[in-house]
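Two complexes follow with subunit A in common, the first pairing it with subunit B and the second with subunit C.
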Partner chain A sequence: MTKRIGVPVFPGTNSEDETVRLLNDCGGDAELVHWSQAQRLAGYDAYVLSGGFAYEDRIRAGAIAAHDRMMDFVIEGAARGKLVLGICNGAQILLEAGLVPGTGGVRKPTAAFTRNAPEPHFVCRHVYMKLAMDPSRCAITRALEPGALVPAWAANAEGRLAADDAHLREIVAGEHLAFVYAAADGSVDDAAVPNGSALRCAGLVNRTGNVLAIMPHPERDGWNFNHLDRSAGTDVLEPSGGAVLFRSFVAAVSS
Partner chain B sequence: MSGTRAVAVSLKIPDNAAYTALVALRRLGVSAERVERSEIWTFEEDGGAAESLEARVEADETIFNPNKHRLTLLDQAAPRAGEVWIRRRDATTGGPAAVAWRLFGARGEPAGREVLAAAVERLLCNPAIETAIYSA
Partner chain C sequence: MHNTLASRAPSVALRDDELARIAQRLGREPTVVELHAFDAQWSEHCSYKSSRRHLKALPPSGPNVVLGPGEDAGILHLGTHDGERYGIVVAHESHNHPSQVVPFEGAATGIGGIVRDVLCMGAEVIAVADPLRFGRTEEPGSHQRYVAQSVVDGIGAYGNAIGVPNLAGDVYFDRGFDDNCLVNVVALGIVKESDVISSRAPKGAEGWELVLVGKATDPSGFGGASFSSLTLDAGDAEANKGAVQVPDPFLKNVLMRASYRVFALLREMEIVAAFKDLGAGGIMGCSAEITSSGGYGADVDLDRVNVAVEGMPPQVIAVGETQERLLWALPPEIVPEVLRIYNDEFTLGEVARNARATSIGVVTAERRYVMRHQGSVVMDVESEFLTGTIHDELPYIEIIHHEGTVRQLPAVDVETLLPQVLAHRDVCSREPLYRRYDAVVRGRTVLARGAADAGVLAPIPGSRLGVALAVAGNPRHARIDPAYAAKRAVLEAMQRVVAVGARPIGLTDCLNFGNPRKPEQYGEFVAAVDGLAHAASGFDLPFVSGNVSLYNESAAGAAVPGSAIVACIGAIEDLSRVVTPGLKAPGSLLLWIGSRELVSGGSVLGELLGVEGALPSISYGAERAAVAIVREAIARGVVRSCRAIGDGGMLTALARLAFDAMVRGRAIGAQIDVGNPLCEAAGFVCEVSDDSEIDLTGALRIGETTAATELIVNGVRFDIAQLHETWSRPLAELYP
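So, the complex of A and B:
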């Protein structure tokens, strides 16, 4: 039986269509679930929270969505081992919901993807996410190569990982640092970080490895027609580039 | 007048964020009848300015838009009754000094410390990046 992937749509979500399309182009069975039909989420095997501005980021990015009825199902599913991927605003929601890094309990955030620094401005920049852990640490990245580079677009004003020093140490010690920003050649330095993110963090994983939160958008670099490196093939509709993470996600859901 | 002075800039048009907070707080079991939100801007005054602080803030269009904002000069640079200020831990990134949330009960009375603390703990503050300042 095909495993089904639910993509929750909160008021203000805006990247849901390309997320569903890339999941399906990578062999998945994904569909949208709108906030008015939250209870439908119980019937899905995995979830992808896409980007946007859920509830207009009122109070804080992801704060209201983290308490939405839809997140009750996502939180319950994550506790039962379902795979959850959050992208950009979806990642912010996962941190506000306390699912990632998961060091403080449900809806008890211990970190945040928050206002960029040193300039608190919106950033739109092509980036590379480098896998910073063993691929098997997280089910969603299991099909990636060690140190894999995933091309994506950083498009956020609040994408900087922030936490107090003790929690940052806990993130490192607990192997929650999933992805760091890197240059195209894989080298890791501050110049590759678009937003001042602590630990050069582009993504975090929870303790059990089934919930992954990433700030950049691989789905915006997911087909030949829209990624910068056009050498992957002549079919413009062929998934490529950032699709590598979606393929890995779909493979993990299907296994 | 010299020293630190504070103004609260709030919306005189409907504040959707405040209403969303009210609905979410009620869902989380916090007893509130009304929520007001404002941005707190603080200024160091040496008493030498020719214009009043209000006049200078109202002339700064990055802070104040007369078509939608209301300005309140605070007696003290501290939260009022029923109010909590949420301040970012990293003050280096600009913006207001704090966001003020003022909660009121069913009879219009300012919320007590217990209600404010519940609102802060359940929704208004992410302790990883923010700190809550209560009235004395």
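So, the complex of A and C:
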């Protein structure tokens, strides 16, 4: 039987449609689950939390949504090994829910994606995420090449990884650092980081490798028409670029 | 009837002759509610009472027009996908006055309002664009600087949260906007042409319910319509703040999605309904227009309106301009399901305090507009008298532009001037500003803002159709000749859309001018409308929507440079034919297509050199020919890259093609030999693989691309990376 992917929609989510579309264009079976039908989430085999401003980013991005009833199902599913991918606001929610890096326990966050630095503004910028761990460390990245570059857009005001030194050390020691920002040629330096993120972090994974939180949006660079200059001569409607991560996710969900 | 008013309320902008006309028609003094209703409805903002007769000159129709001006937005035919005809919904608004007083909220509510104009046509909102005009911002702590920064923050905060990409826009800094900024906003939507929802109650709507949707009505935005029709006085800034509405993008995000669900329900049930944005005039204005335009009256009970605070006077509930509200006219049988979608499925009341969908009245056959409050009738007037056409024929002085001395500038010191031109505030990179806007949310962006002359989207999932959007309107031209500036704005917006490979299909405008009661300032408006009409006819393009913003005048009596700001929409049949950014390959030919007049009037170059002179001429025949050459070359597949020429002239356009190649990791330069490459006659610079098939009449080969990372202009060498640095930096000071 096909494995089904649930994409929860919180009040304030704004990237749900393209997330579902790219998952489905990559061979997945994804659909939206609305906040007024939270209990439906139990019936899905995997979850993708999409971007937006759930609950208006009140208190901190993701802080309220982490306590939404929909997250009860996601937290329970993650504990049972279901795959969970959080993108941008979705990533912020996973950190606030304590699922990623997961070193403090459920709803006990030990790190946050928070206000950008040095300038505290929203930044919309094309970036590359470079895989910073062994692809097999996380089920969702298993189909990527080692050191793979995933093109994506950073588009947030709160995308900077922040944690105290002890927790940052834990992130490194526990191999939670999944992606770092890199230039188009794969070189990793501070100029490639759009927001002052600690460890140049673009993504984090949990201990068991089934929950991945990434700040940039691969789905906004997910079809050839999103990057015509890199895809001359191909079908504009084909998934490509950032779709590489979605394909890997769908493959992992189906296996 | 209670609440009868004997004397004039201080906040009312109606003139004595208008008040007398109302009393005469009613046969009595108007009530307070009626007074405020007429004040809003007869304001220039709502009625276009002085501007309407001039606006008639703008061509409203053509083969691409699905819906011309008259409703909340116009619609242009984009193309056919899967056997369905699709339209692009286009709206253009200003939020100048509110943004000058409370810039963050003013700019944010500008986005909020325009999005509703597009939404209420039954469309999915797919893009916004922001043409901005600010004063001189250099002085730390100045209000101009605060306005320029806060407006951008407000646009970002709202647009980013609702998830509508910011696709295009421009910004100029000019002393003429020191006291009055211009904050225009364009929005686009996509809709199947068979699914368009009208803002007019249709045939058979008698007895239908009027369903108010959205935020609880509060005292904010009371008097907004007439506020927009007053000249700003700095001393009244605090008092005016009450007229500015409070934005709630979080609620709007949910309202949009809930409305999309209602659209689907109506399609499924094959029910025709009417839907309209609440803007100027609030509940009264919207319910009067949605009914009166269909030949009906309305009976509205203000006690059924969901309010934020108890005890508001009826006139505030009736005409206050609380944001995030829309009004449906619906057949009664569907009302419970629509209420369920908004209130239960999308839980509006949990999203914002006391927000909901609620039935507030009925559509009536008698053409009277009636409002009740606490058991009394507080308003009872003829619908058509309230909403009908009113005229205000204001005198104006005909502006006759006297051509300055035609001063040729055949040669200039490019070595010194090119870096100065690239660092000029009207030319330098806008990225520090627009990177605060989400350009890519919804995943349909093909060319993001700043990547090219026009933004491009793939509006229909699964389709190869594309839509392009660009804006234009140059205050340096406006200061010299508003009619010319208007024509040139049409030309430049159109050329920008052509430069990315799109076919221009239509226009929209916002006319930002001074005080219409000053014949000199009004004359500028009249001249600009004439210019727009001329150019639109000259290029065979319709204006499907637009907006007029008058009274952009400071207390000292200084009006803004009369600014006709134009947006052009282009259709792309196959996204694979889009012209992508940046020079592509060494050894390409470089063509300069266009008039190449060596005059400096209205140019950055002229400003830097301190020379005045004639404006470059606009010849519709020659400009059409230039567009035809570029479009044919693109169709033949020989165009590798292309830019339209605007501020900073041809050389700036070429430099930007080189920058775009550099930032994408392509080491390509150019070598050209021309006369003065910094004049600003309209045209294109194109990188082509082969020009043997192109009719070169009207085009000039100026050189070729090279494998070196330098620009060589008439023998002068520039390092591209260094020029890029010069061009990139200036605005980072204002938008760090």
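As a convention for this text, the second predicted complex is superposed on the first by the 251 of 255 C-alpha atoms of A that agree within 3 Å, B and C clash if a C-alpha of one lies under 4 Å from a C-alpha of the other, contacts with A are read in each partner's own complex, and residues count from 1 in each chain.
The rule we apply is simple: a contact is a pair of C-beta atoms (placed from the backbone, for glycine too) under 8 Å apart; a residue touches a chain by one contact, two chains touch by 3 or more.
Note that this is a predicted model, so its numbers are computed, not measured.
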item: Subunit A as common anchor, with subunit B and subunit C clashing or fitting; value: fit
item: Which superposed partner A:Glu96 touches (first subunit B, second subunit C, both, neither); value: first
item: Subunit A residues touched by each partner, larger count belonging to subunit B or subunit C; value: C
item: Subunit B versus subunit C as contact partner of A:Ala42, first or second or both or neither; value: neither
item: First, second, both or neither for A:Arg21, with subunit B first and subunit C second; value: second
item: Partner chain(s) touched by A:His67 [first = subunit B, second = subunit C, both, neither]; value: first
item: First, second, both or neither for A:Thr114, with subunit B first and subunit C second; value: first
item: Partner chain in contact with A:Asp185 - subunit B first, subunit C second, else both or neither; value: second
item: Partner chain(s) touched by A:Gly51 [first = subunit B, second = subunit C, both, neither]; value: second
item: First, second, both or neither for A:Ala166, with subunit B first and subunit C second; value: neither
item: Vertex subunit A angle, Cα centres of subunit C and subunit B, expressed to the nearest 10 degrees; value: 70
item: First, second, both or neither for A:Ala79, with subunit B first and subunit C second; value: neither
item: Per-pair minimum CA distance [subunit C against subunit B, superposed on A] in Å; value: 6
item: Residues of subunit A contacting subunit B in one complex and subunit C in the other; value: 55-56
item: Touching residues on subunit C, where the partner in the complex is subunit A; value: 153, 156-157, 160-163, 249-250, 253-254, 257, 344-347, 350-351, 434-448, 458, 461-462, 464, 466, 574-576, 578, 580-582, 664-665, 736
item: For the subunit A and subunit C complex, residues of the former touching the latter; value: 9, 11-15, 17-19, 21-22, 34-36, 51-53, 55-56, 119, 121-125, 153, 155, 184-185, 217, 219-223, 225-226, 228-229, 232, 235-237
item: Touch list for subunit B against partner subunit A, complex; value: 16-17, 20-21, 24, 27-28, 88-90, 92-95, 122-124, 126-130
item: Partner subunit B, residues of subunit A touching it in the complex; value: 55-56, 58-60, 63-64, 67, 96, 107, 109-112, 114-118, 120, 162-164, 167
